[in-house]
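Next up: the structures, one after another.
Same chain, two partners: chain A is paired with chain B first, then with chain C.
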Partner chain A sequence: MRSFVRTWLAGGLVILLLLQGRAFAAPAASMSRTDVLAKLCAAGGQDVPSALRQMLDGAVDASAADRDWAKRVVQGFSTRSLRCADDGSAFLTGPGGAVNAATLAPGASPDGLRAPLPSLRTRALLEQLDAALTLFVAPAAADRLAAVHTLERRGDGLPPGLLRHALDAEHDAQIAAGLRGLIVAAGLHSPDIPERLAAIHALGRDPTSQVVTTLATLRADPGYAEPPGVAAALDQELTQARWWVRIGDGLSLAYNGVSAGSVLFLSSVGLAIIFGLMGVINLAQGELIMIGAYATFCVQQAMRSVAPSMLDWYPLVAIPVVFVVTALVGVAMELLVIRHLYRRPLMTLLATWAISLLLVNLVRVGFGTQNLEFQTPSYLTGGVRLVGDFLVTWNHMGAIAFALAAFAVTLALLRLTDIGLFIRTVTQNRAMAGCVGISTRRIDMAAFGFGAGLAGLAGLALSPIYNVNPTMGTGFIIDSFMVVVLGGVGSLFGTAVASLGIGLVNVGIEPFYGAVAAKVVALLLVILLIQRRPEGLIALKGRR
Partner chain B sequence: MSSVFDRTASAITGLLLVMLIALLLLGHGMPVYLVNLAGQVMCFVLLAMAVDLMWGSAGILSLGHGLFFAIGGYIAAMHLLRTAFAATHVLPDFIQFMGNGGFPGWWALFDSSLFTALAVLVVPALAAFVFGYVSFRSRVNGVYFSIITQALTYTAMLLMFRNDTGFGGNNGMTGFHAIAGLPAGGGDAGVLLASLATAAVLVCLIGGRTLLASRFGRLLAAIRDDEPRLRFLGYNTLWLKLVAWCLSASVAGVAGALYVPQVGIINPSLLDPALSLEVAVWVAVGGRGGLCGAVLGATLINLLRSWMAASAPLLWPFVLSLLVLLVVLALPNGLLDMRNRSRGWMHSLLPAVGRPRP
Partner chain C sequence: MGFALVGELLSSSDGLGRQIFKSGSLHAISAVMADLIATIVLALLLSGMVVRVARWLRPWRHDLSRCHFLSRTKVDAMRTLTRRSVIATAGAALAAPAIIRPGWAADTVKLGCLFSSSGTMANLEGRMNYVVQMAAAEVNASGGVLGRQIEVVTTNPASDWPTYAQMGRQLLQEQKVAAMFGCWTSVSRKSVLPVVEQNDGLLFYPLHFEGEENSKSVVYLNSPPSSSVLPAVDYLMSADGGSAKRFFMLGSDYVWPRTINKILKAYWAKKGIQPSAWQEQYVPFGFSNFQNLVNQIRSFTSAGGGQPIVVLTVVGSSIPDFLREYTNQGLKPTDIPVLGLDMVEADLEGLNTEGLVGNLNCWAYLQNAPGPRNQAFLANWAAYVKKSGAPYRPDVAIDPMVSAYDGVHLWAAAAKKAGSFDVPEVRKAFGGLTFDCPSGYTIGMTAENNYVSRGVFIGSVNEKQGFDVLWQSKDTPKPVPFSES
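Take a look at the complex of A and B:
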C-alpha cells in the first residue's frame, strides 16, 4: 500500500515537472536537434549509431517535447520518411505534407531530397531506442506494454536511470511490474556493486525456474562473481530459489494429480454406483459424459442468443439441464434395454456397447465430428502463481471443486435420503431387499438415472479442459473401470480414494516415462491388487 | 452337443468344403477382390471361433482377443519383412528411423518359416497364459474379467502406437515382398492365403467340436454352469480354464498371421478395443456355443459390412448397433435361436432349461 502511494506521489511530481518542462520548452543540452539530424543525414551512415546513442542517452533527462520530437524522428528514420536536403536541413514527409525535422514547423520541402537508409547493424539499436521512447510518450498502455516486451529482448546497454524514470511516470500496474523486472535485469549487470546485490536479492524474492537459470548462469561466470559479496549473495539466493522451485514443482504435481483424480472421480462415480447395485458395466458411460458436454454446449449456445450478457454464467445454468438430460437418457437405457438383460451381465456389455456406438453416431450426424468451441467463462481462465512455478489454474480448480461438490451431494443422497438407503440395501442384498418390500426395479431405474446424470455432470466439468467431440467418451470407460476395481465395488469412499490414487500415479509417472507408461503401471497395479484384495481397496461388508 | 456333426454343423462343414475346393480349382479365375474378401472373412471367422471357444463353452467372455490376433499378425509381418529384406536388401522405413543400422538381432529367428509358424502358435498362448494365470488364480470372472481383457488390449495398443517400441509405431509394418515365393498382393498369393484360412476354419471347426464333445468340453460346460460345484468335486478349474484360454489364444494368433499378409499391413489399430468387442458381437449375433454360430455370425456381419462399406458407409454403425440390440433383446442366443423359434412361439415362452447361461 505504501509503495502504491509513493508511486502515485512520484508520478504526480513527474507530471508537474513535465508540465514545467513544456512551459519553458528549452532544448536540453544533451539532445541537440541539429547535431542529431546532421549525423543521421551524414553520407555513408557511419554516424547513425552515434546519433541514436545520443538520443537514447538524452531521453533520460529530456523534456517531453524533446522526447516527442525524438520519437517522430526515429519513426521517420526507420520508415524512411526522413528526408535530408543538401544544405543540412532535414524534413519529415507524411501524408499531410512535410515538416521541418528540427523545428517540426510546416514548411515546403525542396525537391531532390535524399532519404538515409537505416543499415542492418543499427536495427537493434533503433528498435531499442524506439521502445525506450515509446515508454515515455505513447498514450496507449498496450503500446507501452509492447515496448516493455521489446526491451526484455533488447535491454542491453540502456542508459542508467532511464527505466527508473519511466517507472516513476508509469501508473499502469502491469507495465510497472514489467519495468521493475527490467530494472532488476539491468541492475544485475550494473557496475555498481550494491545495486547489483540489491538486484540479486530482488530477483531471489520471486523464485521461478527461470530465476534459477539466470542466477546459475551468473554464478558460473567467474568474471561476474568476482567482486566481494556477489558470489555469496548469488549462492544464498540460488539455494533458496532452488528450494522454492522444488516445493512449487511438488505442489504443482500434487495439484495436477488431484485435478486428474477429480476428473476420474466424476467420470467413474456413476459407473461405480451402477456396477455396485446391478453388477452391470455400462460401456456407454463415456458416451453419457460426451452427451453431458454436448448438452452444456447447447445451453451455452442458447444463452448466447437469448441472454448474451449472462453468457459467463452458462455453466451454472447448465448444471440442472445437463443432469436432467443425461439422467433421462440413462433412464431410457435402463427401461428399454438393461432391464431385460437382468440375469445376463455379459450381454449387457454388448448391449451397452451397441448403445454407445449408436449415441456416438447420432451425435456425429447431428453435430458433426469437429471439436466444439466453448467460451471459457472469465472466472475460469488464467490462474495465480503461488510458489516457484506452481500455477493454480482456475479451470482445474473448477473441476476439483465440482468433484468435491458431486462427492458431497452423492454422499448425502446415499446416507441421508430414503432412496439412498434403498440403494445401499439393494446393493448389499438384492433378494432380501426385495423381500422386505423395496421395489428393486424402481431403485435400479432411479440409480441408473442418477449415475447417468453424474456422468453428464462430468462432461460439463470436462468441457473447459478436454476436446469435446463425438468420440471423446471412448477413452473413459477403461480408466473408470480401473477406478471401480481398485476402489471396491459399491463404495463411494473407495471410488474417491482410487480416483485420487490413479490420478496421482498417472500425473507422477507421465512427465518422466510418458502417458503410456502411466497407463501400463495403473493396469499392473490393478492386476496386482486383485491378487491380494479381489474386492478392491475398500470392500463392502455384507453377505451376498 | 450330443454329436460332433449335428445338422447345422454338417451343413456348415459342407459349405466350407465346397468353398475350399472352389478356391483351389477355380481360384485363379475368380476376381481378386472376391478371393481376398473370402480370405479375410475366413480369418475373422477363425477369430470369432477362438472367442466362442471360451465364451460359448466356458462362459468366459474375452473382450481382448484382438491382442492375440495382433500378436499373430506382428509375428507374420516380421517374417515377411525379413524375407523381403533378403530379396531386396532394402530396410523398412521404421527400422531406418530407429537408427540401429539394421534389424534387431533376434529378428533373425524369423527367417525360418518353421520357427515363425511355431511362434504364431506359441507366443499368443504364452501371453494368454501369463495373463490368464494371474486372473484365473485370483478368481476374476464375469464382467470383471471381460473388462480387464479389454484394458489389456487397450494398454497394448497404446504401447504399440509408440514409435520407440520397435514395431513400426503408428505406421505399422508394411512393404511385404513375397508370400511363400508368390508376389505379395497378387492373385496367386491371395488364393493361397484364402485356401489356408478356409482350411484352418475347417480344421478348427471339426477339431473344436470334437474337443467340446469330449470330456474336456463337458468340464468346460460345467465351469460355465457352476464353477464352485466343479471345484468342490475336486477338479482344478484353474488349469481347465487356462488350457482352453491358451488354445483359444493360439487360434486367434493363427487368424492374425493369416490375415496380415492378405491386407499387406499391420498397425496397432488391430488392438483397438472396439475390434475385440465386435468379435464378441459376431459371436453373439451368430449364437454362442458349438462354434457354428461364430462361423455364421462372423461371416454374415463381415459380408454385410463390406457390402455396406461400398453402398452406405455412414449407415453401418446404426445398422450394427441396432442389430446387436435386436439380437440381445429378442434372440438371446443369436441366429441359432431361430431354429428354436421356428418351432413355435410356445417354445420360447417356456423356461429356457438347458440353454447355456451367460
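Take a look at the complex of A and C:
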C-alpha cells in the first residue's frame, strides 16, 4: 500500500514538474531528489531513515550542487521548514518566501501544507548527516570544525571514504588534524592490527568515560582482544583512562562546590554588610537581588534597541547601572522605613518583609510573573572540557570570578577608604563613634546603600544561572542568613569562608547520598558549629 | 520563635485580602492588583503599628543607656508586639471582610479556586485562576446554570501545602462554594483531600498525576499514569522513539515523582529490564543547582548499554533550572532525551530552546493540538488576557488550563443534568457526561468513578519555546485509577 502511494507521489511530482515546464537537472544516481523528498514526506515517517541513509551514502560522490541541495533539505527538515503538499510536491519555506524543494526554484507554495516532524531516532541521523554535509559545503571554518566535533560523538556508520574525501578537500590545518583523528578512530574495528592499535592509543589520548566504556566493551569481547598486543594495549589505555576520569570527577566535584559557594557568597555579601555590620535583619535582601536582575534585563533591552551589535557586552554596561539602581532602592528603604527602627530588630524584620512583598508585587504588576528571557552572552555559554569528564562551564566560572571581584572590592572599600573606616567604627561601637563626631546616620545610609548595591550585582551575576522572575529572591534569603550567621556577624572573611564551606559540603555530599540528604547534613553541621562557636567561624574582635 | 507565627499571620491576611476583593463585586480588579493592594494595606498596617509602638516607647528611650540599646528595649518591643499590636492588627484584618464584602445575591452560585499566586508554583498555578474565570464567564454568557450566574472565589495558598487545606476549608464552610478547582502538586491535593471528604465537597483536580487514588470527592480531570506516562515511555522504547534501554529518573522529593517512578520501575521489571538499567535521584522543592546531577547524567549517558533517557519529574522553578544546566553542559536530546512529565510551555518561557529541540513531554492537551476548537480556545484566552490584564502571556496555553476549563463546563453540565447544586446530586449526574475539549477529543465520564477520559499527546520541544505534536492517541483510553502491580 505504502509503496503504491510512494510511486504515485513520485509520479505526481514528475508530472507537476513537467507541467511547470522547468528544466530538471538529472540527479546523481545515488541521490535521487524526488525519491528522497517522497520518502521524507511519506506519512508516518517510517521511510525517513532510509532517505537520510541514501543522502549520507550519496554525499561521497555527489556533485557540489547536490550536496548544497542535500544540506538545505536536511536543515529544512530538522527545522520543520520543509513542507509537503498532498500532491507529492515539497517546498522549503523561509523568510524570503518559498522555494520548490526539488529544484530550489522560487515558487509560491500552496496553503495547507504538512510539516513532517522528525522523530527522536531520525534526529540523531539528521545530526550526523548534517555534520557530514557541512564538512563539504560550509564556507566558514568554524562550522566545519563544529561538524568534526559532532562526528566525534556520532561517527558510527559513516560511509567508508567520506572522511578521507573531506580531508582531501580540507585546507584548514586544525580541521584536517581533527579529520585525521576521526579517521584513526574509525580504524578501531579494522582487521589490520597496527591500525587497530593506533586507534586504541588515539582514543586513550583523550580519556573520557565514553572512551572507558568503548574500551571496556572491546576488552570484554574475546574475539576482538584475541590478536597479540590488542589486549595489552586495551588494558594499558583502560587503566590510564580510568585514572583520568576519576581525577576529572574529583575536579568536577570541587568546581561545583566552589561555584555553589560563590553563588552563596554573592547572594549573602550584601547581607553581610547590612546584617553583619549594622544588625538590621533585612528580609527584603532577596528582593534587592531580584531588582538587580530586573535592572540587568532593562539594560539588556535598552542595548538591544540602541546598540544591537554590542549586545554581548551588556553585563559589563549593566554593572554600574545595576549598582546605582539597587543602591538607590536601598537608600530609599533606609530613609523611609529602616532609619526609624534601628533599635527594634523585630520591627525591622516585619517592616522589611512588608517591603519585600511590596517589591515582589510591584514587579509582578510591571513585568508579569513569567521568567525573563536573557540573551546569555557567547562568552558565558557552554564550556571547555579539561580532564576526563571535567567540564568548566563559563556561566559558573563567571559567577566565581564575579564573587572574587566582589570580595576584593568590598574588602578594599572597608579596609582602605575613609568610609570603610567609619563603617567599621560604627559597627564596633556605635555610641563611641557618635561621640567622636562620626555622623552615624549618614554612615548607616551609605552602608545600607552599599549592601543593597552588592545584592543588585548578585542579581546581575546570577541572571545567566537562575530563573529571573518576581519571586526569585525568596529562594536566597534563608541561605544568606545561614551564611552570615555561620561566618560570624560582621566579618567579611567569615562570610567568604562560610559560603565556600556550605557550598562544598552541600555539593560534596550530593553525589553519594542525594540532594535532600546533602541539605539536611549541611544544616545539621551549621547547627553544631553555631552551638560550638556562637560567634560564628570568624568572630569579630571588639566591643559590641 | 515568633517568626513562624508572624508568617502565618502575614500569609493568611494576604490571602484574606485577596478574598476580600475577589468575593465581592470588584471583579474588574485582577488578582494581581488585589495582591498589590493587600500588600500595601498590610504594609500600612504594619508601619502604623510600628509608629504607635515607637511613640509608646519614646519616654523609655531616654532612661536607657545608649551603650546597652539591645537589652531592655528589644524585650519590651517584643512584649508590646504580642500584647497589643497583634490583637489590633488581627482585629483590623478580621473586621475588614465584614466591611467590604457586599451581601451576596441569591442569584449566583459560587465556585472556588485553590491556586497559588505566590511562591514556587506561582508562575504555573497563577494563570489557572484566570482560566476558571474565563470558563465561568462563558457559562454565564450562555445563561448561567439553573438560572444562576457563576461567581468565582479565588484564594492564594502561597505554594504552602497545609495552607491549601486551610483555604479549602474556608471556601467550603464560609463561602459555601458548590465546587472547588485547584491544586497542582499531588502533595497539595493530598492535603485538601480530607477536607473535601469531611465536608462532602467537590474538588476538580486538573493535573495528570500518579493515580492510586479514587475519592468520590475529587474529579480527576487529567490522566492517571496508565493513560499518560506509560504510553509516552512505550513510545520512547519503540524504534521510532530511539529504542530507550536505560532510564535516569530525576524528581522532586514528594509523592508524585516517587509513585510515578515506582510504577515505572514495576513496568520495566515486567518487561524484563534489569534494575541496573535505571538510576533514581530526588531533589528538594525549589532546588536550583543541578551541576552535580547533570554531571551524573553525563556519566550515565556515556556508560554504555543502550540508549538512555531522563524521566524528569521535578516540578516548578526547578524545571527551567535543570534545562539550563542540561544545555550548558552540552547534553543533546539526540544523546539523552528528557521526558519532562511536568514540563509545559510555560516552563520554556525565558529559555533559549534551540539546544532543547527534540526533548519530550506528555499531556492530554498541547497548544499545537490540531483542530478549530483549539483555535477558538486560544483566541478566547488571548482576548481574555487582554481584557482582564492578567500578567500572563496571551499566546501560551497549557494542559492544566484546558483541564480546568473542561472542568468548569463539565460541572455546569452535571449541575444542569442533576437540576441541583447539591454535591451528591451533581456527583450522580457525572456518568455519561461528555464535553468537546479544545484538544480535539470528546472527553467523557462514566458512572464507575470520577475520572475523565482524555486523549494522549506526546510533544516535542521546538525552537519557539513550544511543543510540536509528535504523536497522539487515536481516541481517549479508559482511565485506570490503580496500577496493576
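Simple rule for what comes next: the second predicted complex is superposed on the first by the 361 of 544 C-alpha atoms of A that agree within 3 Å, B and C clash if a C-alpha of one lies under 4 Å from a C-alpha of the other, contacts with A are read in each partner's own complex, and residues count from 1 in each chain.
Note that in this section contacts are C-beta pairs under 8 Å (C-beta built on N, C-alpha and C of every residue); 3 or more make two chains touch, one makes a residue touch a chain.
Quick caveat, the model's predicted, so the values are computed rather than measured.
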Applying the document's definition of touch, where does A:369 land relative to chain B and chain C: first, second, both, or neither? second
Just checking: does A:516 make contact with chain B only, chain C only, both, or neither of them? Give me first, second, both or neither. both
Contact-wise, after the overlay, does A:157 reach chain B, chain C, both or neither (first, second, both, neither)? neither
Residues of chain A touched: more by chain B or chain C? C
If we overlay the two complexes on their shared chain A, which of chain B and chain C does A:194 touch? Say first, second, both or neither. neither
According to the stated criteria, A:250 is in contact with first (chain B), second (chain C), both, or neither; which is it? neither
Just checking: does A:471 make contact with chain B only, chain C only, both, or neither of them? Give me first, second, both or neither. second
Just to be sure I read the superposition right, which of the two partners does A:337 touch: chain B = first, chain C = second, or both, or neither? both
Answer with first, second, both or neither: which of chain B and chain C does A:391 touch in the superposed model? second
Applying the touch criterion given at the start, work out whether A:357 contacts chain B, chain C, both or neither, answering first, second, both or neither. both
Contacts on chain A seen with chain B and repeated with chain C across the two complexes: 337, 340-341, 343-347, 349-351, 353-355, 357-358, 360-361, 365, 474, 514-516, 519
Which positions of chain A touch chain C when the two form their complex? 45-46, 78-80, 117-121, 123-124, 127, 153-154, 208-210, 212-214, 216-217, 249, 252-253, 256, 259-260, 263, 337, 340-341, 343-347, 349-351, 353-355, 357-358, 360-362, 364-365, 367-374, 376, 381-383, 389, 391, 393, 395-396, 429-431, 465-472, 474-475, 506-507, 510-511, 514-516, 519
In the complex, the residues of chain C that touch chain A are 2-3, 6, 10, 14, 32-33, 35-36, 39-40, 42-43, 46-47, 50-51, 53-54, 57, 61, 66-67, 69, 73-74, 77-78, 81, 118-120, 122-123, 126, 236, 239-243, 253, 281-284, 286-289, 291-293, 295-296, 298-299, 302-304, 317, 320-321, 324, 328-330, 332-335, 337, 346, 349-352, 357-358, 360, 391-393, 460, 462-463, 468-470
Residues of chain B touching chain A in their complex? 55, 59, 61, 63, 134-135, 137-140, 142-144, 146-148, 150-152, 154-155, 158-159, 161-162, 273-274, 277, 280-281, 284, 314, 317-318, 320-322, 324-325, 328-329, 332, 357-358
Chain A to chain B touching residues, read off their complex: 275, 279-281, 283, 337, 340-341, 343-347, 349-351, 353-355, 357-358, 360-361, 365, 474, 478, 481-482, 485, 514-516, 519-520, 523, 526-527, 530-531, 534
